[in-house]
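What follows is a pair of complexes built around chain A, which joins chain B in one and chain C in the other.
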Partner chain A sequence: MTDPILEVRDLEISFFSGKKRTPRTDGVRFSLYPGEILCLVGESGCGKSVTALSILGLLGDAGRITGGEILFDGQDLVRLPEKELDRVRGNEISMIFQDIMYSMNPVFRIGDQLTEGMRKHLHMARPEAEQRAVELLRKTGIREPEKAMRAYPHQLSGGMRQRAMIAMAVACRPRILIADEPTTALDATIQLQIMALLRRLRDEENTAVLLITHDIGVVAEMADRVVVMYAGQCVEDGTAESVLTAPRHPYTRALMRAVPTLNMDRSERLYSIPGQVPEDYHALSGCRFRDRCPNGQRCAGKPVWLDLGGGHRAYCAPDLADGRDQDG
Partner chain B sequence: MAESAPVISVEQLAMTYRDGLTGRRRTRAVDGVSFQIYEGETFGVVGESGCGKSTLARMLMLLERPTEGSVTLNGQRLDTLSGRELAALRPKFQMVFQDSGSSLNPRKRVYDIITEPMLYHHVCERSEAAQRVKALLGLVGLPEGVADRYPHEFSGGQRQRVCLARALSLDPDIVILDEPVSALDVSVQAQILNLLRDLKETRRMTSLFVAHGLAAVHYVSDRIAVMYLGRIVETGSADDVFHRPAHPYTRALLDASPSADYAERGRKRIVLAGEAGGEDWSNGCAFCTRCPFRTEGCERDLSMKALGGGHFSACTRALNGGTGA
Partner chain C sequence: MQSNLRHIARRFLRHRAAAVCLVILTVLILAALLAPWISPYGPTKVTKDFSKGPSAEHLLGTDQSGRDVLSRLLYAMRTSLTVGLMATLISTAVGVLLGLLSGYFSGWVDRCIMAFTDMVMSFPYILLVLVAAAIFEPGMWSIILILGFVDWPGVARLVRGNVLSLRETNFFKADIAAGMPRRYILFSEILPNTIAPVLVYATSVFAISILDEAALSFLGMGVLPPTPSLGNMLNGAQSITILTSKPWLWVPAGSLIILLVVCINFVGDALRDALDPRNDR
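== the complex of A and B ==
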């Protein structure tokens, strides 16, 4: 394989309120390669969105990266001065958000917002940028791009806004596109269109896509590789095929069993994970899933990164190498 | 089931909103919807945003007065009643909303949240209330001790359990569930879906389940209706509708639903172009502008075709993978 374009190493993000420091993630580690779609999956609060925001230095006032590094092309984004980060942000790495309404300025026309990045980063003149913007909108499947250019965000439907948002994000031909739940607010038939669009973008521009989602279905449809997060940590990663067809971590397995599918036996009860994510998980030593794990009783709770071959790894106890849950 | 009388029966229900500055522009959110729900049955309604499924749920609760059609609960017509008469009947039909956070009063303890409707409607004495609360909490799988807590102290899944306990406190004939699991994480969603199944089995709970997650609806529902732009386009048993879809829209919806099964990646499917609505379809089939199976003039035929076993569809062109009936 080629070198990764982005490497996140033992990332620790903490939130501060007054003097109190609360770690949100630690031990987040993954690599992103050019031209691949990497899915970061986990339930709410697992730290997947903060991880994404931290890559672009968008944590805001309360959050801070307190450890680890984010290597983009070998340079550490964590230690990069704001000014230089500005050159990367929206240019080489760009992002699309779930909440499209809040990620566009309601008082500027789509056209103005779309061309802003190109004029700033690529130093394009307005007519040139506008021409490219129209082209981009057409490519994302907007039927009357000239009309959309003159529209304000509220005049477009959710699916249209997400398309415009994607056009905006790819305007400067980024090498990495971070998409945080880009289809969660959209209808299924529109979601399918947006997913196809992201895939085409990857194929045509060789863009690396970091896709953040809570939906295993989206992972199964989109991912080349998967990183599963639980309670602020990565617990499993590997190719989509090996993680989804042979999950090793009990959490990944539980997550997959909890999702109802259309062809499941409806008389069967859905599997649900007992208990909930511990609130002060950062203070726990060892495995954070232990209390909810079907193997928790017979496990020492001392996880290590197990190499399962083919780039598939899981952060679990080696003494359960048989890899089967106790309950089945 | 058809031999007994339905718990709730809806005939030709329609809702037209007036909007625009002068109220001259009209939006037909729900149009000519009819169905019956029988005792102990869960009736699922699926569709995308704007299809009218939430408006339908609100009309069943008489939170919105239908502009046409009737809602009949156990033989009693609801839509013609006055507000006061309705209030007296409200214990018989209850609702659970998607956002449990905003449907519970943040300043009240769970105990008061659950007892308030019972005391208001005189279904129990203040002295029995504690006993009832304990039983209800047990029913929805919450420990007794939570009665003294406030809503913000709970997770989303637990709050949804409180909402269910409150809805069930009046022993309603039917519970309207509007996207009850859509805001929840998968592992929690599984718990609530299991709970709904349990309540159906142990208490013969009758419900209308509105959601956009197809697999969740399929899991809890006996029968399902698929809505598109205000109309029911296909209805039947859960397996008939989702395993043998007849309507092209149902097919497309199923195809669009991401499957967690890796083996199904890249399966052949219909990718719809465009979005719902927008284009003028006047009185014909609202789906015709996006339909891959459209034939000359087919959009004018909106009658529901019987496919046997209570399976009806406004179109049969998606049957057998698109070869038609």
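== the complex of A and C ==
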């Protein structure tokens, strides 16, 4: 395989209130390769969005990266000054957000918002940028792109707005597109279309996509590789096929059991993982999933990274009962 | 944009009173602008009649120096509207700038600006104006500067609050994620989003400035005679004989102030509803 385009190493993000420091993530690590779709999956509050925001330095006032590095092309984005980061943002790495209502400036037309990035990063003249904007909107499946160019965000439907957002995000042909739950606010049909659009983008432009989701269905549909996060840590990663067919970490297994299927018996209750993410998980030593883990009672081991072959790894206690995990 | 303006106009016209007020205001502003052409006499021209009541020659009578009250009223309106407008422009500009900076740069910049704002706000308003008027040479421009300086804190707080809430929105994050320069985000993305509330607030500042000018000039600390202003035309009403026996010297000027202020406030109210798209039914 080629070199990764983005490499996150032992990322630690902390939030501060006053003098009190609360780590939100630690030990987040994954690599993103050109032209692949990598899904970051986990339940709400596990730190996936925060990780995504931190890549572009969008944590805001309360949060800060307190450890680790984010290597883009060998360059550490964590230590890059704002000015130089601005050259990466939008140009090399761009992002689409979950909230479609306020992701665009309500007082400007779609056309103006679409072209501003191209004019800044690609130094295009207005007519040229406008032409490309129309083309982009058409590509994303908006039927009357000229009309959409003149519309204000509130005049578009949710699906249209997310398409326009994607058009905006890919306008400068970024090498990485970060999509933070891009379809959570949309209905199932639109969701499929948006996902198909993201996949087409990857196929046509060889853009690497970091897709953040809590939906295992989306992962099965989209991902080349998967990173599973729990309580601020990565707990399992590998190719989508191997993680989905042979999940090693009990949390990944539980996530997959919690997906409803059509041929399910209605009287049967959908599985849900007992308990909640522990609130002060950063203070726990050892396995953070222990209290919710089905093997929690029996398990006494400390978690370590288990190599399961083919790039598939899990952060779990070696299974002492059958002893097969470590010696393969 | 065209359709947007049409929406705004339609929502505005739903307020009948405001529509009427807008017409009155337009007429008054036109009259003030056209004063040199439509006023029967010059503002300081002394005629042979002194303190005469209204007549065919002098529709609103003459004052103690024999000047035509109607002509002076027209010119006075010019002065008052100029003072109101300029003071509003200054205070809005200062307020918007400080509000933007304060909301955008949190931390010590914000704390400093807000402390300064609170300081200006907590000063007894009229006292500050009186002291300033006493120190600086009275006149139209010092009035404008004084009023411009004391009226901005409200605007600054309004804008700051707006910026703070806009900072939490995703389009702000999206702008940063798109690598837009901070100056561009602040002035080209955030500022247009605060225009509507600022515009509405500015109308009330406009009305208040006219009132304040009148008050100061009435006390003899504002626009100085012989330049007419609505306030210094009321000055004569300080004497009891004028107040009781020569109403044409103060009733028109007083009514005009009321009319201007009421109309501006009504228009401002309607503007607030008109600029809010949620009011569209």
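In the analysis below, the second predicted complex is superposed on the first by the 312 of 328 C-alpha atoms of A that agree within 3 Å, B and C clash if a C-alpha of one lies under 4 Å from a C-alpha of the other, contacts with A are read in each partner's own complex, and residues count from 1 in each chain.
Following the convention adopted for this analysis, a contact is a pair of C-beta atoms (placed from the backbone, for glycine too) under 8 Å apart; a residue touches a chain by one contact, two chains touch by 3 or more.
Note that the structure is predicted; figures quoted are calculated from it, not measured.
Participant: So, does A:61 touch the first partner chain B, the second partner chain C, both, or neither?
Facilitator: The second partner, chain C, only.
Participant: Which holds for A:159: it touches chain B only (first), chain C only (second), both, or neither?
Facilitator: After superposition on chain A, A:159 lies in contact with chain B alone.
Participant: Is A:196 contacted by the first partner chain B, the second partner chain C, both or neither?
Facilitator: first
Participant: In the superposed arrangement, does chain B or chain C reach more residues of chain A?
Facilitator: Of chain B and chain C, the partner in contact with more residues of chain A is B.
Participant: Considering only the touch criterion stated at the top, classify A:310 as touching first (chain B), second (chain C), both, or neither.
Facilitator: neither
Participant: Who does A:269 touch here: chain B (first), chain C (second), both, or neither?
Facilitator: A:269: touches chain B, not chain C.
Participant: Could you say whether A:261 touches chain B, chain C, both of them, or neither, answering first, second, both or neither?
Facilitator: Touch status of A:261: first partner only.
Participant: Spell out the part of chain C that touches chain A in their complex, as residue ranges.
Facilitator: Spelled out, the residues of chain C in touch with chain A are 4, 106, 169-171, 173-181, 189, 192-193, 195, 277.
Participant: Write out the stretch or stretches of chain A touching chain B in their complex.
Facilitator: Within the complex, chain A touches chain B at residues 43-44, 157-160, 187-193, 195-196, 214-221, 240-241, 244-245, 254-256, 258-264, 266, 269-273, 276.
Participant: Within the complex, which stretch of chain A touches chain C?
Facilitator: 53, 56-58, 61, 85-91, 94-95, 97, 99, 102-108, 116-117, 120-121, 152, 154, 165, 168
Participant: Under the touch definition given earlier, write down the residues of chain B that touch chain A in their complex.
Facilitator: 48-49, 155, 185-191, 193-194, 197, 212, 214-216, 218-219, 238-239, 242-243, 252-265, 271-273, 275-276
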